[in-house]
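Alright, structures below, take your time with them.
Same chain, two partners: chain A is paired with chain B first, then with chain C.
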Partner chain A sequence: MKFKTFAAFVGPSVFMMLLFIAAPLVSVFIQSFQVTQPILEQIEVETCTPGFLTQTCTTEIKTVPVLDEAGKTVTATRWVGLQSYRNVLQMDKFWSAVGNGSWNQIMQIDFWKALRFTLSFTLLTLPLVIGVGLAIALAVNNATRSIRGPIIFISLLPFIITPVIGSLSIYWLFVGDGILTAMMERWSGQNISMFAQAWTIELLMYFYRVWHVAPFAFVIFYAGLQTVNMDTLESAVIDGASRWERLRHVIVPHLMPLIIFIALIHLMDCYRVFDEIVGFRSQAHVISLQWLTFDFMTPDDAGNRAMSRASASSMLTMIGIVLLLIMPLRRTWRDHKGSAH
Partner chain B sequence: MFLKKIALAGVVSLLGSAAMACSYQNEVPVKSLSAGFEAWKAVTDAMAECGNFQAELDQEFRTKQPAAFEANPSLYQIGGVSNGTITPLLNAGTIRPLDDLVEKYGQNLSPNQLIRINGQIMAVAMMVNTQHLMYRSDILADLGIDTPTTWDEVYAAAEKIKEAGVVDYPLGATMKSGWNIAQEFVNMYPGHGGKFFNDDNTTAVNSDAGLASLETMKKALDYTDPEVLVSDSTYVQQQFQQGKIAMANLWASRAGAMNDEAESQVVGKVAMAAAPKAVADGAPATTLWWDGIVIAKNISDEEADAAFRLAMEGLDTEMVQGANDAAIWLVGGYEPTDIATGAIETATANPAPPAYPSTTQMGLLHTALGNELPAFLTGERDAAATLIAIEEAYTTSAKEAGVLK
Partner chain C sequence: MSTPRAMRQSFALRFSSGAFLAFWCLLAAFPIFWIAVMSFKSPVDAFADSAWDVITGPATRANGDGLSIIDIALGVVVLFFAIRWAFTKLPALVRQYCPPGLIVLGWIVGALVYAITFVLIFFGLLPLILGVLNSLLGPLGTPVLGMTTQHYIAVWGENEFYRNFLNSMLVTAGVVTISLTVGTLAGYGLARSGSDLAFWLLILALIFRALPHSVLVAGYLPVFINSSEILAPIFGEGAPTLYGQPWAVIAVLVSINQPFTIWMLRSFFQNIPAELDEAARVDGCSHFQAFRRVIMPVMWPGVITTGLFSFLLGYNDFLVTALLLDAQNQTMVPAIAGYFNRETTTTDQVEAVAAAVSITAPLFLLVMVFQRQIVSGLTAGAVKG
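Showing the complex of A and B:
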């Protein structure tokens, strides 16, 4: 392809990526080293609020921001180096907890608590998604042609549900005396509260995510299965290879690039787990890194936002994703270079 | 033809009612942003009758309002606020003093409704709200329990109800992690005589009153639903309506729903009393809130004029008479019924509970409380360590916000 044609095709996309991805990223990166504060002053304020029949007035010293002539809040921005990162990571607390050998103490620090969950969530659901996706794909591939269409349709349904809606549905099915909890209670004869402790909530989250994402893996694998070399498979049958051996030595190696592709996408998506936390209202028991960033950014009733810590936290999330992706990416790179020879 | 007639009849009757309900025709387009509970629905419906009015009822209004009012021109002319959410608007100077407008249109307002900051009227209150004790009067009467007035009595009553096994859980509580659970502490702590801040803006929650508050809160867990850390006001209201709980310290604005026959299985069985006291001779362990309207600063004077006139139409006696039990109204014409007794007893108690102390620092402390308290209630951390964690979390965010040096 001529360079000019190439540039014409790629140009708009590169421009959009620079504008909507690179530029915000740079701005967040810069903000993570800055703190922007309003200039505050302490003034005496008399506030009268309603009671019954009469008002109560109180006079107190309040700390309020200074406004300029145009009525805008006067703010000052200064460079604070790694202070925001220190505030998020709380390394001093972390090391003293490590010194005490207390896992429980480490889990009291928001960032490490969130990291623990995010990593277990990402790494535990990964093999499950690939396994379940492959199993569905093999099942569909071996099913009679007449029922294949309906099976594909039904297995794809979870994937088209909006994640927030999906997690809210699961929450409503299980919370309190939700339909499914009530059913489980009838079977077991015990009072079950799925949202009362961390491990049951986590279990539901894993279950929900695998249910939601497995169809994606299925579609990719199913497409891959159509390209398996039939000659190789037939010769394997003639050589007396069992169904398992054929899967292990012919099909899986053939699908390997697709498995890596799904692993990459899944790692990136799962490390940003957020919908489940909000949908399940699990903040008391389980939090994720992305939720932590969101929590820093959410203004409180007085309008304060911790933008610097939010920026630092999202930079840390990005670093985490890059570290996670290095392994599978290096493999792809090696394969890519290998095949060139 | 028939359909056409019906449609025409509908339009005519709508026009008729609009003309009847509103004393004038509003010509200037006005928009409002407020919370979404029953009282706001009544007020905005009354305003809509004058025409050219669009209401946005959104429980997330608190995160939207500061930015929407800072825009020039402001995205909304009228804002619905509470004493907790007016602070960012006051701090940013995005709402206007209402003295001249009150003089022009506010003949029917009582002086009690005018929220004055340094002498200037900055908001007009329409209702008061507070968390108070709601209980199943039938169950307490059956078991021969007097109405509890302190938290110790509440727990004693809960113990009896638990033994009798008449409901799933004796107590309900709005302890959802975050804002709700923090509010429970903010209710309890002044009840134990604690103060939130020292003079230098550092927090004073790490104190004996703090420890006592945490202990009182934790006792509730013996009697509540094990999933209490995900339950907010709506959830507790539903537990009441479905007859699953017998007592809760719940918002007065939720009281009307107990007698809503479409939703509630306990119509007429839920009574209201003053919020329980934390210590026998103290104030009820709760905070007082008001809800009301503000007018944006970044709009033209004509718009402000029209918006305020419209708001006064929404806050008139006619509206209150149509929705008497939706709130504890401050508007003239309100007839307190049985469901208002709890709130009135709470507010008129001596000593009286404090108003929610809304300040920049309080916003930061509220967030710190909401994030750190759950670990105490799940048992991962003891009370002393939790108070230290709250103090540290507050200090970090207060430094970032510039409140502490």
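Showing the complex of A and C:
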């Protein structure tokens, strides 16, 4: 294919990606070093109230935003260097907390709290998703052919459901005296409230994510299981391998590329955990990095959006993505170079 | 062919694997099933702490809303035949009455007509017949299962949820059409070109896929809010404010979806033998003609699958639509978050549940109809690398 035809085919797609993905990245990068604020001026205001004999007048100095002819506030954009990053990271508080050796103090700073949750969420759900997905795939592969269709149908439901709605549906089972909380209370004889402390919410979030993603892993592993080499499996049986050994030495190595693929996709998706925070309404207890940026961008009571802090926190989130992708990308690069020579 | 003796499994293993499957199916379906049940009950029942009360709904029944045994039996029969008819007779009818080139359009019209007829029969005709039957049959006609549709009526009628529904449909329809149009071209180009540039574009797309969406939205937001000033030198007075415009959100979602779309379509196009378009080229077609006349007729399975995933992205999105659309143009998923903020009474909560079920119902139908395409789409990307 000539370069010109190739460019005509991929042109629109590349153009959209550059305009709506690459350009915003650059502008976020620039924004994170800037602060846009309304220009304020101090004016002397004399307010008089009618009094007996003479008016009582007080003068005070007020700070008001400058307005232009159209009545809009005039804003100015300044370069502030790393100030926004400092506001997000709050390193002085962080170091003093490290100095005290107090984990709780670090966890009171939003960014570090969000980072801690995002990382533990990503790393804890990964093995669970792969394990559960593999277990379901093996069990379905074991089942009679006629019931496989309905099982796949039911399994797809958690995967396909809107994430916010999915987490809400679990939230409603536990909220207040929802049926599952009531059941646990009956068993344990204590009063349980699942949404009053951080760790129970986190547990529910882990559960939700595994419930939501395991079907994806299952479908992929199930497709992979159809192509396992039967001859290898039979020779393993002849060699006296037990069921467990066959699983470990034949099936899992066969599925290894798929496991890596799922792990990669899962890392990418989990790192931007967001919908759970909305669905479980956990912002008071548990927040994630993406939610932190979202929160900076939502207008506060006065209608202001903290764009520069949002940009800084999203650039910090990006660093995590880069670290996450460096390994797989280096491997792909080596493969590509290897195949070229 | 019988399984070799050594591969046969002990009873204990088969039993435990079956039990595990049953447990998983229960786990997978239960939360969704449960919110569906809750949405039909009065608030007292929906948040009752005994599961039996939630299912039977005594308080709902006491209000006079309930189904008798006859209602349930007849309803299940009608539902069964309606679903069976949809899978056995409907495809043949669509094929018979639809001109060959427009099969997709034919299906859309067919599905719409079917849905309207179903709603008319199930919610219009059936209650009328059952009203008469219930009064005639005495004990069989007394309500046993509490059930009310009042929350759905409140959500769709009073709260004007249909506006959000229409917005959602607009956004998803836009996202699906545009990302498929742009994506098929790019996917074909990438699949047929073995150049280094194609490889690097794919890697770049992979990196773009990993970006958190909030990072991108942080880039759009200031530009979109001030866009009428920024674009004024180009478009003059009529420069639009992009913030709050559904088509701006469509463009954003299409671009966010693009990396995934081109990866997936590329893997589908690689399965179409290159000899096919080479033959067309030998016969004197240009690349575009080969694409249009030879590839397009055989690429539909891949396009439908990719379209499904684009649909899911547009339909399920919360973050982008919540930040870039204002209240009038809000789609369904962010709109449901509005229920939390004013969620003061338990009635509001059950209305939120009903809204959530309304959002899930189309997805449920989607899995029902397109299960095979979804599965093939999930595996296409992975198995072929």
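Throughout what follows, the second predicted complex is superposed on the first by the 291 of 341 C-alpha atoms of A that agree within 3 Å, B and C clash if a C-alpha of one lies under 4 Å from a C-alpha of the other, contacts with A are read in each partner's own complex, and residues count from 1 in each chain.
Rule of thumb we're sticking to: a contact is a pair of C-beta atoms (placed from the backbone, for glycine too) under 8 Å apart; a residue touches a chain by one contact, two chains touch by 3 or more.
The shown structure was predicted, so the numbers you read here are calculated from the model rather than taken from an experiment.
Asks: One more residue to check, A:176. First (chain B), second (chain C), both or neither?
Replies: both
Asks: In the superposed arrangement, which partner chain does A:281 touch: chain B (first), chain C (second), both, or neither?
Replies: After superposing on A, A:281 lies in contact with both chain B and chain C.
Asks: For A:23, is the partner it touches chain B (first), chain C (second), both, or none of the two (neither)?
Replies: second
Asks: Is the number of chain A residues in contact higher for chain B or for chain C?
Replies: Ranking chain B and chain C by residues of chain A touched puts C first.
Asks: Which partner does A:298 reach: the first (chain B), the second (chain C), both, or neither?
Replies: So A:298 meets both chain B and chain C here.
Asks: In the superposed arrangement, does A:196 touch chain B (first), chain C (second), both or neither?
Replies: In the superposed model, A:196 contacts chain B only, not chain C.
Asks: According to the stated criteria, A:290 is in contact with first (chain B), second (chain C), both, or neither; which is it?
Replies: In the superposition, A:290 contacts chain C only.
Asks: For chain A, which residues belong to both interfaces, chain B and chain C?
Replies: The answer is residues 176, 281, 298 of chain A.
Asks: Going by the contact rule at the top, pick out the chain C residues touching chain A in the complex.
Replies: 4, 6-7, 9, 13-14, 17-18, 20-21, 24-25, 27-29, 31-32, 34-35, 38, 47-51, 54, 182-183, 185-186, 188-190, 192-193, 195, 197-199, 201, 203-223, 251-252, 254-256, 258-259, 262, 287-288, 291, 312, 315-316, 318-319, 323, 333, 336-337, 340, 352-353, 356, 359-360, 363-364, 366-368, 371, 374-375, 378-379, 381-383, 385
Asks: Across the complex, what residues on chain B touch chain A?
Replies: Those in contact with chain A are residues 62-63, 66, 83-85, 87-88, 90-94, 111-119, 125, 128, 176-179, 181, 201, 225-227, 229-230, 235, 239, 288, 290, 297, 330, 344, 347-348, 352, 355, 358-364, 366-367, 371, 374-375, 377-378, 380-381, 385, 389, 396-397, 400-403.
Asks: In the complex, go through chain A and note every residue touching chain B.
Replies: Its residues touching chain B are 35, 37-40, 45-58, 62-65, 67, 71, 73, 84, 87, 104, 107-108, 110, 175-176, 193-198, 280-285, 295, 298-304, 306, 308-309.
Asks: Using the touch definition up top, name the residues of chain A that touch chain C in the complex.
Replies: 1, 3, 5-6, 8-10, 12-14, 16-17, 19-28, 31, 36, 135-136, 138-140, 142-143, 149, 151-158, 160-166, 168-170, 172-173, 176-179, 181-183, 211, 215-216, 219-220, 223-224, 227, 233-234, 237-238, 243, 257-258, 261-262, 268, 271-272, 274-275, 278, 281, 289-290, 293-294, 297-298, 305, 307, 310-311, 314-315, 317-318, 321, 324-325, 329, 332, 336
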